[in-house]
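Note that the chains take the letters A, B, C, D, E, F, G, H, I and J in the order they are written out, and that residue 1 is the start of every chain.
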Amino acid sequence: MLFMAQMTVRIPHSLAPAFVEQLKADEKALSQQLQREGKWRHLWRVTGQYANVSIFDVASNDELHTLLTSLPLYPYMDITVTPLAQHGSAIVQN
Amino acid sequence: MLFMAQMTVRIPHSLAPAFVEQLKADEKALSQQLQREGKWRHLWRVTGQYANVSIFDVASNDELHTLLTSLPLYPYMDITVTPLAQHGSAIVQN
Amino acid sequence: MLFMAQMTVRIPHSLAPAFVEQLKADEKALSQQLQREGKWRHLWRVTGQYANVSIFDVASNDELHTLLTSLPLYPYMDITVTPLAQHGSAIVQN
Amino acid sequence: MLFMAQMTVRIPHSLAPAFVEQLKADEKALSQQLQREGKWRHLWRVTGQYANVSIFDVASNDELHTLLTSLPLYPYMDITVTPLAQHGSAIVQN
Amino acid sequence: MLFMAQMTVRIPHSLAPAFVEQLKADEKALSQQLQREGKWRHLWRVTGQYANVSIFDVASNDELHTLLTSLPLYPYMDITVTPLAQHGSAIVQN
Amino acid sequence: MLFMAQMTVRIPHSLAPAFVEQLKADEKALSQQLQREGKWRHLWRVTGQYANVSIFDVASNDELHTLLTSLPLYPYMDITVTPLAQHGSAIVQN
Amino acid sequence: MLFMAQMTVRIPHSLAPAFVEQLKADEKALSQQLQREGKWRHLWRVTGQYANVSIFDVASNDELHTLLTSLPLYPYMDITVTPLAQHGSAIVQN
Amino acid sequence: MLFMAQMTVRIPHSLAPAFVEQLKADEKALSQQLQREGKWRHLWRVTGQYANVSIFDVASNDELHTLLTSLPLYPYMDITVTPLAQHGSAIVQN
Amino acid sequence: MLFMAQMTVRIPHSLAPAFVEQLKADEKALSQQLQREGKWRHLWRVTGQYANVSIFDVASNDELHTLLTSLPLYPYMDITVTPLAQHGSAIVQN
Amino acid sequence: MLFMAQMTVRIPHSLAPAFVEQLKADEKALSQQLQREGKWRHLWRVTGQYANVSIFDVASNDELHTLLTSLPLYPYMDITVTPLAQHGSAIVQN
């Protein structure tokens, strides 16, 4: 079941640079693991912004919530979730 | 080069039903042709709305504009376009 | 799996009253059937508005979209869907 | 009498972690007590956000205000309240 | 129990003038009856707009919804309702 | 002459608690004096928010501005002012 | 006592051109009379829009409301009113 | 002196197609004349929308207003105007 | 050439009171000089807010930008600028 | 391929002045280099704001994202990007 998540990252300027770098590295590692598992199906950068458009493939709302709140950058992100359904004109199944 | 287009369809209730059905059939045919050509890479329905989230893969802004304005439902849609870039954590290239 | 749907009804003043009455009667019948089936778990009126707050319990985004678009008033409603997850402090399971 | 409250939690990053943990524990304890008393009838998590959708069953606006301002996280929440009425198609009474 | 209702009237220009005049006369008569009964406690005009700010004193959300939907201009109004509580600094009780 | 003022209080978490308590006590004292003088005609709490809806009866815009800026909490409030006029259906004069 | 009114004109395309021309002529005549009387102190066009920024000098909210609703174009305008007060740095009195 | 104008065209579906075509042809002719005269310095299409971003070089606000209101599509456009100034880092003068 | 500027002042609570007082005194002095020169033609307070509505009479966008950025409070203000044109019904020239 | 970027700069008041001056000098140098290379085709100041309207000419979304994120002020800017296409009435090619 697919969901679009639009995430905007707002890291406070007061955070220590080393802490931020570690957060980003951990975020990247977990993100790539979830992509390889097929949970995080697509990840695109919004041009000109510290933001992304993501497509998740999960079994339930609960799984998605657990996944998103496990992201290291979660405390610093604004996230909106849009549930996606099968489009009648799509030539592939979701 | 990838772009997200978010389209909301607003067909006036005054249009003749047969005309609307023909528009939708033409839209579906063109949409599926563009999907098969790889231009319209993804097409998802927004749950509960007459709206979609689409990902296009085109060579330029001009190609995207020509494509979108050629859609039969174009006169009845509100469209916003978001240019997408490669995300540093994505495990595949756009 | 739970979703909140917020629906606002906007029936054009140009529709024939008898047609509108039939729409509303059909909407009510289907709504009550879905409530009895447990799919439409809660249905509340927003005070002072021709709008409701609803909670649906469905197996997937696709089931919800099919359900909502089958409503007789669907062409005359603005709907926003919010996917709900289990809250850690809730004393019952969703 | 039912009210929907939509609460978004914004805890400043400058608060001491131990203080925050205590706030959350106190919030959870009070929330569960109010649920058991039937005042806080439903509590759902908004998927992907530190936010909830709640349904309260209270005797008056004053009782609701007193209840909400007694929550330990109240100083850190944005709350909007929507008064709910009986829907004519609902198969149960509020 | 007090509620603020903010009502904006949008009468379509296509309605017959005589019908509109009758609506307004009926609205005025019912409004004044409700004011005399103490249900519609205050009624003020928003300067420069076909809109009002009203304070209602009713026993419940249901009573307010029934009252508002009984107004002759209800089909032509956008209404937002704000539940009011006792303010700790007020020198009178609501 | 009547005006509605909608005030939302946003006290920074960094202020000293004793200072905030003094501000609130001073605000309450001045508010009650103005209510007794008939300048601050109504004061209601917005349910679930640190906000109020107030009705002022003053001789001019200047008097209202002077009054509002004299409030101890003024530096910490967002205020919007709506000038009110006599409503043609009101059974009392403003 | 000064008020800023921001007016946007939205004349339906369905109105008869002769009727619209008469409305505009009547509006202009009344506007100029009110300007000569000193009630409508300033009248500026918003560049690129069928809209204006106006400053009115009236004795009360009621006088302003009566004035604005007497304008021939009033039924076709969206108006927002901002009450203005004396600025402490202004070198002239309002 | 430069101004950005952002124009969105909303042609009612009820207009006769021949009339619309003539409007567009007249708009194009005038637009190109103004471009050749250097008044309409840039004209870009917003990708996916019936809208444009334009840069005008005119001597005054009045000249810009006269120019914009002379456009054949003016009655069917929403226009916002942003006055532009010399940027300190620009390598050319406006 | 006239422009409306709407300025909202947001002075951080962390600034030293003496520094703020000096800023305000400098702002007042410059503002009054510009008023005497006829550049800052009108200056009104928005009732209930730390904000103003101003009318400037300058020769160009560049002159206005230079003027506004020279204000001592500029770093602490949100400013929106609306270019004004001659209104066809105004009895005086801008 | 052209893109409009609208950038608003929000430098925290807590940054050291010397650091800010260096940021601005670096920003200016890079901006001017990109202008000379033809990548940053236009750069205009929004009158009255610490903001600009820019037109970029780049080969792809990725090139634009890389360019924008390389700007020294990037961490302190809100940027929105609008992809531009050839307008049918423009007398020059993009």
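Quick note on the criterion: a contact is a pair of C-beta atoms (placed from the backbone, for glycine too) under 8 Å apart; a residue touches a chain by one contact, two chains touch by 3 or more.
Which protein is which chain? UniProt says A, B, C, D, E, F, G, H, I, J = Muconolactone Delta-isomerase.
The model shown is predicted, which means the values in this text are computed figures rather than measured ones.
Asks: Using CA atoms for the superposition, what rotation angle relates chain D (Muconolactone Delta-isomerase) to chain I (Muconolactone Delta-isomerase), in steps of 5 degrees?
Replies: An angle of 145 degrees brings one copy onto the other.
Asks: How many angstrom lie between the centres of chain A (Muconolactone Delta-isomerase) and chain I (Muconolactone Delta-isomerase), each centre taken as the mean Cα position?
Replies: Their C-alpha centroids are separated by 44 Å.
Asks: Can you work out the whole-Å distance between the CA centroids of chain B (Muconolactone Delta-isomerase) and chain J (Muconolactone Delta-isomerase)?
Replies: 29
Asks: At least two partner chains per residue is the criterion; list those residues in chain C (Muconolactone Delta-isomerase).
Replies: 2-3, 45, 47, 61, 64-65, 81, 83-86, 94
Asks: Using the touch rule from the top of the page, what pairs of chains touch, sorted by label?
Replies: A-B, A-C, A-D, A-J, B-C, B-H, B-J, C-D, C-E, D-E, D-F, E-F, E-G, F-G, F-I, G-H, G-I, H-I, H-J, I-J
Asks: Please name which positions on chain G (Muconolactone Delta-isomerase) make contact with chain E (Muconolactone Delta-isomerase) in the complex.
Replies: Touch list, chain G (Muconolactone Delta-isomerase) to chain E (Muconolactone Delta-isomerase): 3, 5, 12, 14-15, 61, 64-65, 68-69, 75, 79-81.
Asks: Which of the residues in chain G (Muconolactone Delta-isomerase) end up touching chain H (Muconolactone Delta-isomerase) in this complex?
Replies: 13, 45, 47-49
Asks: What does chain B (Muconolactone Delta-isomerase) use to touch chain J (Muconolactone Delta-isomerase) in their complex?
Replies: On the chain B (Muconolactone Delta-isomerase) side, the touching residues are 1-3, 60-62, 64-66, 81, 83-86, 94.
Asks: Under the touch definition given earlier, write down the residues of chain A (Muconolactone Delta-isomerase) that touch chain B (Muconolactone Delta-isomerase) in their complex.
Replies: 2, 4, 27-28, 31-32, 35-36, 42-47, 52-53, 55, 82-92, 94
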